[in-house]
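Below, chain A partners chain B and then partners chain C, in two separate complexes.
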Partner chain A sequence: MTGPAILFDRVDLTLGRTVILDGVSLRVAAGTVHAVVGPNGGGKSSLIRALLGQAPHRGTIRLDWPGDGPGTVAYVPQSVEFDRGLPLTVEDFLAVLCQRRPAFLGPDRRMNYGAALDRVGMAGKARRRFGALSGGERQRVLLAQALIPAPDLIVLDEPMTALDEAGIAIFETLLAELSAAGTTVLWVEHDLAQVRRLATRVTGLNRRVLFDGAPLEMLSPERVFDLFSAVPRRTEAERIAS
Partner chain B sequence: MHHQIVRRAGAERETLWVLLAAGAILVSATLAVGLRAAPDAEAPLAAHLIDSRTGLTAAEQGLYADLKAAGEEIAALRTAEGRAPTPAELATEALPPFAADPSAAARGGHAWILAETGHGIAYVGISAAPELAGSLVLRLDGHGAEIWLKRAAEAPPAPPEDAALSAAGWKRIVSTFTAGVTR
Partner chain C sequence: MSFEALRALVQGWAGAGLLPAGLTHGFLVNALLSGLVIGPVLGGLGTLVVTKRLAFFSEAVGHAALTGVAIGILVGEPYTGPYASLFGYCLLFALLVNYTRNRSNLTADTLIGVFLSVSLALGASLLLILASRVNIHILENVLFGSVLTVDDRDLTVLLAVAVGVTALMLPLFNRLLLASFNPALARVRGVPVKGLDYLFIVLVTVVTVASVKIIGAILVGALLVIPAAAARVVASSLRGFFLLSVAFASVAAVAGILLPVQLALPVPSGGAIILAAGLLFLGALLARLFMKGEEG
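Our next item is the complex of A and B:
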């Protein structure tokens, strides 16, 4: 099964009196690596939360699955908050997130956590204490949990932030593998060079969609300046309308 | 192709379920109360009976209570002395309601006389103020006291037997116990 297409149709999100998303309309094609870029506070993570059904958004968010029913959605958070002193191994952490069997009964062997850890270059570290891992290693574990079971849609929230160089290489390989398998990737990122290299499509988001297209065309210096300026310029259409 | 709409986060559905559950409980409770309610219409009293709780005036209720207590007293005196005490004797013993005191005057100032019945004796009190308390008959036979009432200043038929009393419009005071009785 290949990944779903995603449709955001005039999605608004207001928390308190703060407008986080303002009429965001966006189409993510099935099986593509779709990057979302934008400044801090631009609503990238909120867009993901809305997609995961965790935000009180308005408007329509629709997943068009190719099969008869919804497939597997994986999510890699930006970071994970937890007590570093927690006596929790890497395997336990995966067990908490991935398996149905209660984690205190031990990791489910059928889930094959070793293979997933192998894919992110963490082979042999399944018994390490999770709190003792470096930031980059933790990020790799977060990637590994997204691979169990094999995802049809993977949502990545700045996964490369904490990764070291070796980790970035692994991430790129993974992204290629996922893309080859037809998985839809929605990827929030602020490293524009990586987006330009790896994404098939990019959307600039600062409360509203500022641009949407192929990375090579879209990530021109002018657009990027525009995207990261404090007051985003109005879109062409709005300028004409007013 | 399967279209999956991502629902907004919120408690609308939970609220709806809670409201539905509350509504279902309310409806079932209403139904249960409505269907299982005990029939409140106890059989109406016969024409020759009057209810001591709801049918009597305040003065009559006082007299009724006093007469019931006096009935036991008189029964005891009868067995001790072998004869029925006269109302005058009871008055000298200050036994209400036979004692001539301000309380008796305020309750209608009954004039008490002793009458014979077929099986026992009766004390007849004729009211001087029927609007305060009607005339009363305390009938004592072998098995307890019966008290009859008529709201008029007239003597009962002689002898004061059941049929004659009810034919003359007298009513026997009875205590009924219904759901309204709380003590």
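Our next item is the complex of A and C:
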């Protein structure tokens, strides 16, 4: 199965009196790597939360799955909150996430955690304490968990923040593999250079959609300046309308 | 096998010198059975309590049991086991704390502190009213636990709670843990985070209440925390953490019940159990320091 197409249609999200998303409409094509960029507080993570059904919103968010029913959705958060001193190995962490059998009884061999760890360059570190890993290594483990089971849609929330050079290379390979497999990738990212290189399409979001198109075309200095302005300038459509 | 038959069997073995002589007494066999039933459950559940940073909450629920007992006696329940009031009040207390925690901007420890203080104030006031009605010394058993007061009804309650909690905790162990790591990730993985949050609070509460008879209201929360804390200090994997916590809680429960009788020490069972757990914790800390020293 290839990934789904995603349609956001006039999505509004308000927390208290603060407007987080204001009439956001965009389409993520099936099997593409679609990046969402924008300033902090611009609503990128809220868009993800709304997509995952975890934020009350108005408007429509629809996933069009190619097969009979929904496929596998994976999510890579920016970080996980946990007690760093917890006696939890990397393998334990994956077992907690991926299997039904209590993780303290050991890993379910059918899950093949080793293969997923291998793909993110963490082979041989299954027995390392999760809390003792570097930020980049933890981020790689978070990527590994998203590969079990193989995802049809993967949602990435700034996955490159803590990655080092080697980690970034692994992430790039992974993204290419997912794309080749037809997985839809929705990728929130702040590193515009990486988005320019790796994404099929990019959406600029600062409460509203400010631009949406091919990265090389969209990420011009003027648009990027607009996007990261405290108060977003009017969109092209608004300019024409006025 | 009924409790009566089991008791007779253990008493027979004790009479034949196969077990400590104290176990020829039926009441001590009852206490030992209750310790063996609830110890492992408290140890296992304790790993989740420590991981989810709910140690203070479990202490507060234990203390709420004091008020539950006072209400029970006040409304005419038997003072040896006012279970309806105990379970009712403690569940209400726990659910209210959790409900408010999700809807206030207070940190969990502040909120629990408020609820605990108010609950204790209520309990203390009710106990003063009760002082003129019943022998207040009976309440010492409630506060610190007593091996003398465990009867077949208590054993039945303990067994039912232990089986029920284990049957829910084991299949849901990963999901309960994952919900505390990252709720958003847990939800994507199909974990009903809010529902499990409440379920866990209920599990902790019923185990705590069922253990009040043997450990006492003041100390019962400690057996959820100390063995798991000791295991966390020395374990290097989740397996070690869980199994050591179960072992420490079981050893502490059995030692705390048997040793005061064997050594003729005038110590309440609850106090002895927690002191035994405290010694295990100290041992774990020393072992950790020793291991660190060896590492260099």
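By our rule, the second predicted complex is superposed on the first by the 239 of 242 C-alpha atoms of A that agree within 3 Å, B and C clash if a C-alpha of one lies under 4 Å from a C-alpha of the other, contacts with A are read in each partner's own complex, and residues count from 1 in each chain.
Keep this in mind: a contact is a pair of C-beta atoms (placed from the backbone, for glycine too) under 8 Å apart; a residue touches a chain by one contact, two chains touch by 3 or more.
As the structure is a computational prediction, the values presented were derived from the model and not from experiment.
Look at A:102: by the touch rule set out above, it reaches chain C but stays clear of chain B. Counting residues of chain A touched by each partner, chain B versus chain C, the larger count belongs to C.
Shared-chain residue A:61: touches chain B; no touch with chain C.
In the superposition on chain A, contact of A:70 is made with chain B only, not with chain C.
Residue contacts after overlaying the shared chain place A:82 against chain C, while chain B stays out of touching range. Of the two partner chains placed around the shared chain by superposition, chain B and chain C are both touched by A:53.
Shared contact residues of chain A, touching chain B in one structure and chain C in the other: 52-54. By the touch criterion stated above, chain B contacts chain A in their complex at residues 1-10.
Residues 47, 51, 53, 170-171, 173-174, 177-178, 180-182, 184-185, 187-189, 231-232, 235-243 of chain C are the ones touching chain A in the complex. By the touch criterion stated above, chain A contacts chain C in their complex at residues 49, 52-54, 73-75, 77, 79-83, 85-89, 92, 95-97, 99-106, 127, 129, 155.
Those residues of chain A that touch chain B in the shared complex are 4, 50-58, 60-70.
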